[in-house]
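Several structures are given next for inspection.
One chain, chain A, appears in both complexes that follow, with chain B as partner in the first and chain C in the second.
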Partner chain A sequence: MLEISDLSARYGAIAALDHVSLRVENEKVVSLLGSNGAGKSTLLGCITNSVSCRMQGSIRLDGKEILGLSTDAIISRGLVLVPEGRQLFNDLTVEENLRMGAYGFEHGRKWRTDLERVYALFPRLVERRRQVAATLSGGEQQMVAIGRAIMARPRMLLLDEPSLGLAPRLVREIFNLVREINGQGVTVMLVEQNARQALRIADFAYVLEKGRLMGSGPAPILAKDPHVVSAYLGEE
Partner chain B sequence: MNLTRTIVAVLILALLVALPFGLGQYGYYLMAIVMIYAMVALSLNVLIGMGGQISIGHAGFWALGAYGSALIVTKLGFPFFLGVLAGGLIAAAFGALVALPALRVQGHYLAIATLGFALFVQQVLFEWESLTGGRQGLFVPRPSLFGFELRDDFAYYYLLLAIFLLLAWITGNFARSHSGRSLMALKMSSVAAECCGIARPKHIIIAFTISAFFTGVSGALYGHLLGHLSTETFSLAISLSFLTMAVIGGLHSRAGALLGGAYLALAPELMREFKDVQMVIYGVTLILCVQFLPRGLISVVERVWTIGTTPHATR
Partner chain C sequence: MITQLLASGLALGSVYALLALSLVLIHKATDVVNFAQGEMAMFGTYACFALLTKTEFPLPVVMLAAVPLGILLGVATERITMGPLRSAPPVNALIATIGLWMIFHHTAGWIWGYDPVRFPSLFSPEPINILGARVAQNSLGIIAVSLLVMVLLYLFFEFTRMGIAMRAASQNRRAAQLMGVNVTRISLIAWGLATAVSVVCGLLIAPLTFLDFEMMLSVLLKAFAGAILGGFNSLPGAVVGCLVIGVVENLIAAYVSTAFKDTFAFGIIIVVLMFRPQGLFTREIVKKV
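Up next is the complex of A and B:
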């Protein structure tokens, strides 16, 4: 279980997170909703220590403090980030990108079984395995980004805006795949602007506004909350 | 392909062995300088070519190697070889320190940080008169091997060639090591590489340490060649020249490092008549090279070679 308590983060004089506390239970999908600039990406950056802000508070993984550990130390504890905007190795092929996912780890030598697992999840990537990542469509790139994270054998995936720039049909497809990965026992923390899709697959959700936690609850209940409906879901 | 590579390597080696014959004393000296510069170019291959880091402070490491070795040989009476090794290790220790700002800043800011380091080293060496002789400079004994002094630059050249080849071999192995590959991944995309569990701080520190070690060894060997050190040598201008030669030779090739070293050592000789216009020519060469030959002079050689050997080239 990931437990964040009283986490504050600031960039110089600007507060990005203000005493945020939340928890992500094992094998659940937890969404973090919020508009642009609410501090969602900063929160993921704090968990993986990959942002240059000053942090205070505590982030515990199964009771052990991980705030202050280096990025690679955190990732090798099984918290793997799928960064915003995919961030692939653009000049490498799909398969090379996927293999890189296991490169920094001790299990890296046994990448073949992990690769089979990724291809089983994303059959479309099999046809594209020799294609250079930069030439893929947005949806395929997102699949490679998630696949690369799977290669790291995550206990928990941290997804940062996986729907960014994708057509609605593809967003649905990606989110279904996230649910499927979750079904294999991987905990998911999902940061999204696309609240409707995020609430559809989440077990529990938090709402972040201007660095503060403004609401939380089981996803189906939050989806009916008047404030969430008017601010994030709109009329339908 | 492997066979042709071997043949090319043997040909280059034969050329390097045969080259100094009949050049005369000054020619031997210049050839020795080529080797010494080429070692620095190798060090920048590691730092910039693989690591994607910038340094305009390599004169600092060069100076630490030169003074380190000179002082250890003269004041502590160590043999030449250990002095050179110690010069490299002293520079390497400072390399690890200079890597620390590189973990926080990149690009222009890192360039300024490394520049600051080089100016700091030069100033400290200048002011620390009791140790370094300050303005007077420092006398450095000639190189010697197993008790035999290498009076002649002709003999010294071959020692330098051997050391260059050793460093080039280390560079090649490093490029294929876990750390070398991690650096190349970080250079492509540091966010992506870190997501793959690659420890950025560790590998950046390793790159700076190795690069500084190579440059320190080069500086040490340079001191013993000149026989006299003064801090003026280790100026901003030489740091910039190092960067220029590495870019012009080619940052992704060990043969390119050799070409870079030859360029920096020999171009002033060829352009002596141009006097004040020299710096303009250097500048223009650099701009042309960055614009049209981003992979350096060596890419021309490689292209000619590819056309010559594969008439129906597919790539």
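Up next is the complex of A and C:
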């Protein structure tokens, strides 16, 4: 279980997170809703220590403090981030991109076994394996980004806006795949502006506004909350 | 005659290519243009020469020793000078490499003297017959050694975990860090590898020009010209660019005048930067904001 308590983060004088406390139970999908600039990406960045802000508070994984650990130490504890905008290595092939996901573990493990697992999840990537990442479609790139994270054998996947820039049909496909990965026992923390899709697959959700936690609840209940409906779901 | 000229031009070009590879390698990995690369090559070559004369190891052994020696020189230099500048703007590091140039230049003169020394060659200058043309053996030898280095580099970047990580980090540093790549280590490896390659370059050129503390100045200029011709961001581009420079330079020296040999390289740099700054062989670089 991931437990965040009283987490504050600031970039210089600007506060990005203000005493945020939340928890992510094992093997659940937890979604984080909020508009642009609410601090969602910062929160994921704080968990993986991959943003340059000053942090205060506590982030515990199974009771052990991980705030202050280096990114690779956090990855090796099973928390893996799929960053916003996918951040692929554009001139590397699909397979090289995936192999990079196993970078921290390649010595001790057979990365090819993990590769087969990713290809089983995303069969479409098999025919693209020798292709350079920049030439893929947006949906395929997102698959590579998620696949690359899976190469690190995550216990928990942190997804930052996986639907960004994708056609609605692909959004649904990606979300179904997220659910499928979750079904294999991987906890998912999902940051999304597409609140409707996020609530559809989430077990639990939190609402973040201007760096503060403004609400939380099981996803089906939150989906009917008048404030959430008017602020994030809009008219049907 | 023309075959001979082409062969010696290619040999010259492949020596430039080794130094250009070093420049591009460090630039890709760390965004630093290392103006001291030529002087580090010269310094390492002197060190190899000292090894040769003090220990009486045979020349091939010394040439092999150049690799660990170059790695050591590169890693130490990176640690001492580049490490502290890591969070500073790149221009600081660039100016530091100009300082390194002077330090290596004058330290070499101070230790080993300012007079040129004859450096033994692994290959004989005697020509042999290939396909009816007479080609100097040392041209072929230089091409062969350079080719070997390039193939090894290619294998490293294409197939090893660290090589792929270096390419990844040069394309997207933040994502590489997210994969657990230690960017500091990448910089160290780039400097070590690049300096090893450039010391091999020094060892190949020294028998042609004498061992001298100023021997790398014009080589560095040509390597820059070749690397810029290739876009300064592509290892294969740098090699092709340098081969072009080597061949054309040789032809100009033979048919026009030797006076234009060095001016020509400057001309290339200026023309390429004016009309095709992304190089002849790379796609246009589009910076995303």
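Basically, the second predicted complex is superposed on the first by the 232 of 236 C-alpha atoms of A that agree within 3 Å, B and C clash if a C-alpha of one lies under 4 Å from a C-alpha of the other, contacts with A are read in each partner's own complex, and residues count from 1 in each chain.
One rule holds in what follows: contacts are C-beta pairs under 8 Å (C-beta built on N, C-alpha and C of every residue); 3 or more make two chains touch, one makes a residue touch a chain.
Treat the numbers as computed from the prediction; the structure is a model and nothing was measured.
Bringing the complexes onto one copy of chain A puts chain B in a clash with chain C. By the touch criterion defined above, A:Gln87 lies against chain B and chain C together after alignment on the C-alpha atoms of chain A.
By the touch criterion stated above, A:Gln193 is placed in contact with neither chain B nor chain C.
When the shared chain is aligned, chain C comes close enough to touch A:Glu96, but chain B does not. The contact surfaces that chain B and chain C form on chain A in the two complexes overlap at residues 50, 71-72, 75-76, 81, 83, 87-92, 100-101, 103-104, 148, 152. Chain contact summary for the complex, chain A toward chain B: residues 50, 52, 70-73, 75-76, 80-83, 87-92, 100-105, 148-149, 152. Interface of chain C with chain A (complex): residues 161, 164-165, 167-168, 171-172, 174-182.
Across the interface of their complex, chain A is touched by residues 104, 181-182, 185, 188-189, 191-202 of chain B. Of all residues in chain A, those touching chain C in their complex are 48, 50, 71-72, 75-76, 81, 83, 87-92, 96-97, 99-101, 103-104, 106, 148, 152.
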